[in-house]
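After the structure tokens below, expect a handful of questions from me.
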Amino acid sequence: MLRRLFQVFAPARDRQPVGIRADRRSADKLIADCRELMSEKGEVSGTRIATRMLSGYQALDLAGRDRFFDLLIRNFSPDPEEVGQAGDAYRKHPSPQTLAKLQRVVEPPRQELFRRLNIAPGGTRVLVEMRADLLREGQSSREPIAADLEHLLTSWFNRGFLVLQRIDWRTPASILEKLIAYEAVHQIHGWNDLRRRLAVDRRCYAFFHPALPDEPIIFVEAALTRGMSDRVQPLLDPEAAVADVNTADCALFYSITNCQKGLRGVPFGSFLIKQVVEDLGRELPGIRRFATLSPIPGFRAWLDQNRSAPDIKGLLEKLDDPEWNRNEQIAAELKPHLLHLCARYLLREKGGKDPLDSVARFHLRNGARLERINWLSDTTSKGLERSAGLTVNYVYRLSDLERNHELYTRESRIPASPEVEGLAAKPPRVADLKLA
Amino acid sequence: MLRRLFQVFAPARDRQPVGIRADRRSADKLIADCRELMSEKGEVSGTRIATRMLSGYQALDLAGRDRFFDLLIRNFSPDPEEVGQAGDAYRKHPSPQTLAKLQRVVEPPRQELFRRLNIAPGGTRVLVEMRADLLREGQSSREPIAADLEHLLTSWFNRGFLVLQRIDWRTPASILEKLIAYEAVHQIHGWNDLRRRLAVDRRCYAFFHPALPDEPIIFVEAALTRGMSDRVQPLLDPEAAVADVNTADCALFYSITNCQKGLRGVPFGSFLIKQVVEDLGRELPGIRRFATLSPIPGFRAWLDQNRSAPDIKGLLEKLDDPEWNRNEQIAAELKPHLLHLCARYLLREKGGKDPLDSVARFHLRNGARLERINWLSDTTSKGLERSAGLTVNYVYRLSDLERNHELYTRESRIPASPEVEGLAAKPPRVADLKLA
Amino acid sequence: MLRRLFQVFAPARDRQPVGIRADRRSADKLIADCRELMSEKGEVSGTRIATRMLSGYQALDLAGRDRFFDLLIRNFSPDPEEVGQAGDAYRKHPSPQTLAKLQRVVEPPRQELFRRLNIAPGGTRVLVEMRADLLREGQSSREPIAADLEHLLTSWFNRGFLVLQRIDWRTPASILEKLIAYEAVHQIHGWNDLRRRLAVDRRCYAFFHPALPDEPIIFVEAALTRGMSDRVQPLLDPEAAVADVNTADCALFYSITNCQKGLRGVPFGSFLIKQVVEDLGRELPGIRRFATLSPIPGFRAWLDQNRSAPDIKGLLEKLDDPEWNRNEQIAAELKPHLLHLCARYLLREKGGKDPLDSVARFHLRNGARLERINWLSDTTSKGLERSAGLTVNYVYRLSDLERNHELYTRESRIPASPEVEGLAAKPPRVADLKLA
Amino acid sequence: MLRRLFQVFAPARDRQPVGIRADRRSADKLIADCRELMSEKGEVSGTRIATRMLSGYQALDLAGRDRFFDLLIRNFSPDPEEVGQAGDAYRKHPSPQTLAKLQRVVEPPRQELFRRLNIAPGGTRVLVEMRADLLREGQSSREPIAADLEHLLTSWFNRGFLVLQRIDWRTPASILEKLIAYEAVHQIHGWNDLRRRLAVDRRCYAFFHPALPDEPIIFVEAALTRGMSDRVQPLLDPEAAVADVNTADCALFYSITNCQKGLRGVPFGSFLIKQVVEDLGRELPGIRRFATLSPIPGFRAWLDQNRSAPDIKGLLEKLDDPEWNRNEQIAAELKPHLLHLCARYLLREKGGKDPLDSVARFHLRNGARLERINWLSDTTSKGLERSAGLTVNYVYRLSDLERNHELYTRESRIPASPEVEGLAAKPPRVADLKLA
């Protein structure tokens, strides 16, 4: 039985091509370092060994890293026999002592290894990178290591250890260039573009972790506007005039980006938005509304998947025209249909209990309300391709977040404005859509 | 069986006196908050609930805290039935999946609860305080919670997250006053005393954790001296002249203090000393020797326990005279005997494989060498009572630490200078000790 | 004529005792350095020469410094012949050119010398110290140097270069110990006393200059209170309970101290108080009143000077009893008389256009209003000796400062509350004062 | 006579065109503010008035500012009658008192006005801007104001108040963008270019003044190289590989830029270079040589001015070919002639006692030595147009600076390497220059 288990854990042996001998040796050498780090020697020379290991890991190519992961599974997993025995002992005499023993032996020695690696300068950074490596495709056999790291990093990147910092034009360039590199919603086109996004009528905040001082973990960009904006492009225009902040009554979150692949699944976004809403509310009492201007990334794909539905079919023919949004007549014709379908998509289409749309899931789970669907709001190619040019304003009212959240999580109800509810409820007449 | 387990975990019911109804209700209310924090509501309002809980905990008196801990054990321990079943499933089909399931169910829900408490501002501080409460006497039934917190805090206070900071007279008073309060080896007698210990011929370093910005975790005090000092009092004299740092060739660590009771058992000291040795060596190339001037806290008690031994008996009679060290004749007579006995105590007397003396264990485990035993070195009442006025210099040579450590941990050998070896080897003639 | 001028400038030769030859040589050597610093060599090696000079100056004893000042006057004063010629040239052809020439030659070369000394690290500090030396008694012959330094330092310590910083318990101890040393109004009795004065119901602010980073220039201490306090002792009690800031409606300035003797005459106090009033008003909107609790340092001396006046004579006999304030009967008897006399002293007694009392002059010139005279308000020995135990609340209302200031400076009128006006207007019957 | 003086000071009245009435009124209003600021009202409301004035000044267009300056001269100059009388009094009775009086009345009230303007936030910045305005062409009638400001700013921007800061990629973007804007020697082509110039094998340092926190005053760029580089282009290539700093033995200053027009004439460069040489020497002991790679900005113009000289004439015909440097044959032919002429130009051609070339004057005055003339070293269009493609290495040896400086300033001798001396001494045969 142990044998079988071992085989399950270990990846197929012949997966590795012949030419990577060198890295095989490097990976094997790393594992030797791991053993040393876990030994008594590690206790007194831990920092030195860990430092050597981390740079050893970073020097490995992909194949070498795969080899290293396999060895980690083979050598630093719980001992099945020990686990079995501790389980039996607990079954026989359930007590704090037998439970403690069981807890000890089910924890993979990898966990302690990772913690010891972390004592070297820059260790946390490499561990985050390691997890990113494990989230690459084809890593399913290394899932246990990824799970170990997720557990560890979730604990280490606890909200209580994150520091909120405002990002503006006085922020070090070494951090600003990372915003340019990471921005995932609306690409930042160089330093001029960034400079506009950090002007006085904008706000940008990021979470940082003390162990990664130069690395934003997640950041959000907001515009301070008069009225809740319904169009993306004016916000992205680097030449747009800077607005008077004193007359602003709305903070519009138009972009939120997770920066670290290796921290995927660790929840930051909800904390960030709520913290910023609270802080901005205190700092600028004139801001009465906090809303997003969000993409609907799954909308267009959903339309395509439902291409054969009678009320979608003719519509898609027109949407397939890459110039549809520039043709006023076609756009006017499409408008009621797309708005209705979008409202339906957001409010009614679910996978299990939750809405299909990932952005909707995120904001609704946070307790926001689906306030408005905006027509021809994001006409970048990405906006057209994914969201059919539409966007959504989700509104964050601090006093409603908890109730909305509970409606959503317990009763699977989606808080929405009457306007959006109305859009979803009344389909326009299909006959109005003139087919080509 | 489950029943029995429950009883084992739960503390005796009638331990609580009658009058503490109020705090019983408070503790019960806290547990209700815990449940809310772990529920879906906790997801959106976690910070608020956790903040309320933390101040709730701090408002509890000791009895209330005990009650709270009991409820934590009763309500947030692993479910024995679930554990049993997951153990069985793993036994039947050992696989990453069944192992993962087992790992999940043996982790007490308390762990997740503690992590969620940490999202509130100041959370880490209260969790450290909570562990200190659990280390009080008579808490054996709450050992599982203490173990949970130790596991969590050891992970969070990993060396990689600690920041070394120099403490000097420009350090904020809010931190300096804590040095005065915490110093455990040689009491600091007010601000003047502290000021002298932070003068230019001294160095003080502390580890800080980013989540406890005003709290030193551990600190060490060193004097930069010419020659390896053999007496404590001149170092502690607030009026001592400030030495010329340029002629110093030795950094003498005369005090190292762990500040946080709630972090007992999390290893910091070894990291701190080695880091300071490295940093000072770089900054001041003239410093060629790094040594301690350490107490021998168990020496006097060991003498007392061996009172009946022929070579100790007569000696103790003289030592019991509180003025013995001021009587030159008696002191001269005692000197060879005490030095020999102390060397023997340090090098030969062991509890299991390790030396009896706790300070010796600490420095030897770090890889230091027992260099010298100093006669009439610490004549404070504490120094006389615990160490019979003697002190030890342990020397830290970076290039020897690893070898010394391995000698010590693997072969139970104690690295010592020939001088100390000689002292231990040759007992003076007892007859020389003139009995009263 | 030139000769005569020289003699006027130069101090008497035989003032110096014989024994100070060494320092005479040191001072002469310094002057040689001065010449080098002003020469072309100074241009390329200025920092080195200036550094040497500054430590040379600090090594001089008082006699050496006097000698150095005399040499400064003899060697680095304007050349009377040049001044005379430039004056004549200007008289003959007044033009920008002749004026510029005259301006150039009347500026003592000392000014440039001081500016060059300032390029050395720590130069500003020594120049401030030098001016303090020149403000010692018996320095009238060196008045021109003191005037040069005053001109220079007034320019360098312009308000625009000062930085307001809040002082609290997180401030470096190296700065806090200076508050203890400098406090001039109500002595700070050690660190505990200071700690209380920096608690959350207190505020302390100081001006700093970037060139003197560890030196407060001036600082003010305020208490946040409910109601305008009329007694000093509760504010000074280190054991006083910390008040709830949320209910405070008054910021009471109870001490303001100029720290640098060498900056005497450079105006800081007015800027500091107004800035703090503005900042506190913004930060704590609940604070509606900004007032001082000030001594009346000249009151008791004024009574003594007017000892023979019929309404003062009998009164002084009682006041001379060092226990008068503890004798309820005597105190009750004295009260109306002292209050009336104090109001009269503050409102009516003038030296020229301005009130006799220096503290009154300071606050009134700032635009404050004399609000209230407080009975048995400061019963420390200093308070009794100087102010007969009385204090004054001066109120700072931002909207009235300008008007009050103009009333005061243009019309010599003293803004005061009706209550104080009333006290000054109606003398109590002298007969009521029972003579011993 | 007073009348005449007045007219000399006052600018011609009819210089102003008719259309600028509005700004005339604005300037007049500013002057009214100036009077208020200088009055007693200014004492209590100075910050407010000064703030209003500064923004008033910044709102003025050029004509308005000219008007304002004229009024400043007319209204805030010394009173000729007072000056005359004080001069007479001093002539009659030269004494410290009459001298002090004369000093007081020759100082223009503008000086005090400027000092009072400086109390407003941002005041220093506007005063620097004001001086820049006064350095525009055609401002000769306002020379007295410019001189006042120069005197004031020279005092305020004393080396002792400047802070040296290293600029690297962690510097705030708000400062980095100013380097891009200000760089005067080798233009920075955007952020990528800048990033390369701040890589680990480069150093950039700037002086800052505490009152202008976001404004570099002067900055210098250096490359850490192996050997003293003789070509500019590799240093400017944004794609150049980053060198290994550990093997560098030379710090090569390739650009130094004064940033603030309004501080023209205040000496910073010499302090900056020497400070950086000292600091780098301490930090990187491997750096043995500190040198510049400097343009010879006047060389080409000097050749043109001496076009008719027999040894220059034919040469210029070839140089006028814009492609000359790409034609290997022509370049080879020109090389000995240009190198000789350049050495002669630098060593022998003087305006008065000093060399014609401004960059040479700067470095020689600092005590540097002219080490090497580099052939085809800067082939940018600017490099060719001004320096005929040549550059010079000036070497800074700390131990020689003083001697070199004295040779240069006292004896007008130019310290140069034998190689450069040789070039200047031996003209190549003109006949070798084949004429077209």
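Each chain gets a letter, A, B, C and D, in the order it is written, and its residues are counted from 1.
Simple rule for what comes next: a contact is a pair of C-beta atoms (placed from the backbone, for glycine too) under 8 Å apart; a residue touches a chain by one contact, two chains touch by 3 or more.
The model shown is predicted, which means the values in this text are computed figures rather than measured ones.
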Looking at CA centres, what chain is most distant from chain C? A
Indicate the whole-number Å distance between the mean C-alpha point of chain B and the mean C-alpha point of chain C. 51
Would you mind pulling out the distance in Å between where the CA atoms of chain A average out and where those of chain C do? 61
So, what's the distance in Å between the C-alpha centres of chain D and chain C? 41
Two or more other chains touching the same residue: where does that happen in chain A? none
Viewed as a graph of touching chains, is the assembly arranged as a line, ring, star, complete set, or other? ring
Determine which chains touch and list them pairwise. A-B, A-D, B-C, C-D
Chain B residues touching chain A - in the complex, by the definition given at the top: 1-2, 4-5, 8-9, 40-41, 43-47, 78, 80, 83-84, 87-88, 90-91, 94-96, 99-100, 102-103, 106-107, 115, 118-121, 123-124, 143-144, 147, 152, 154-156, 158-161, 163, 210-211, 270-271, 274, 365-367, 401-402, 405-406, 409-410
Touching residues of chain D toward chain A in the complex: what are they? 169-174, 176-177, 190-191, 195, 214
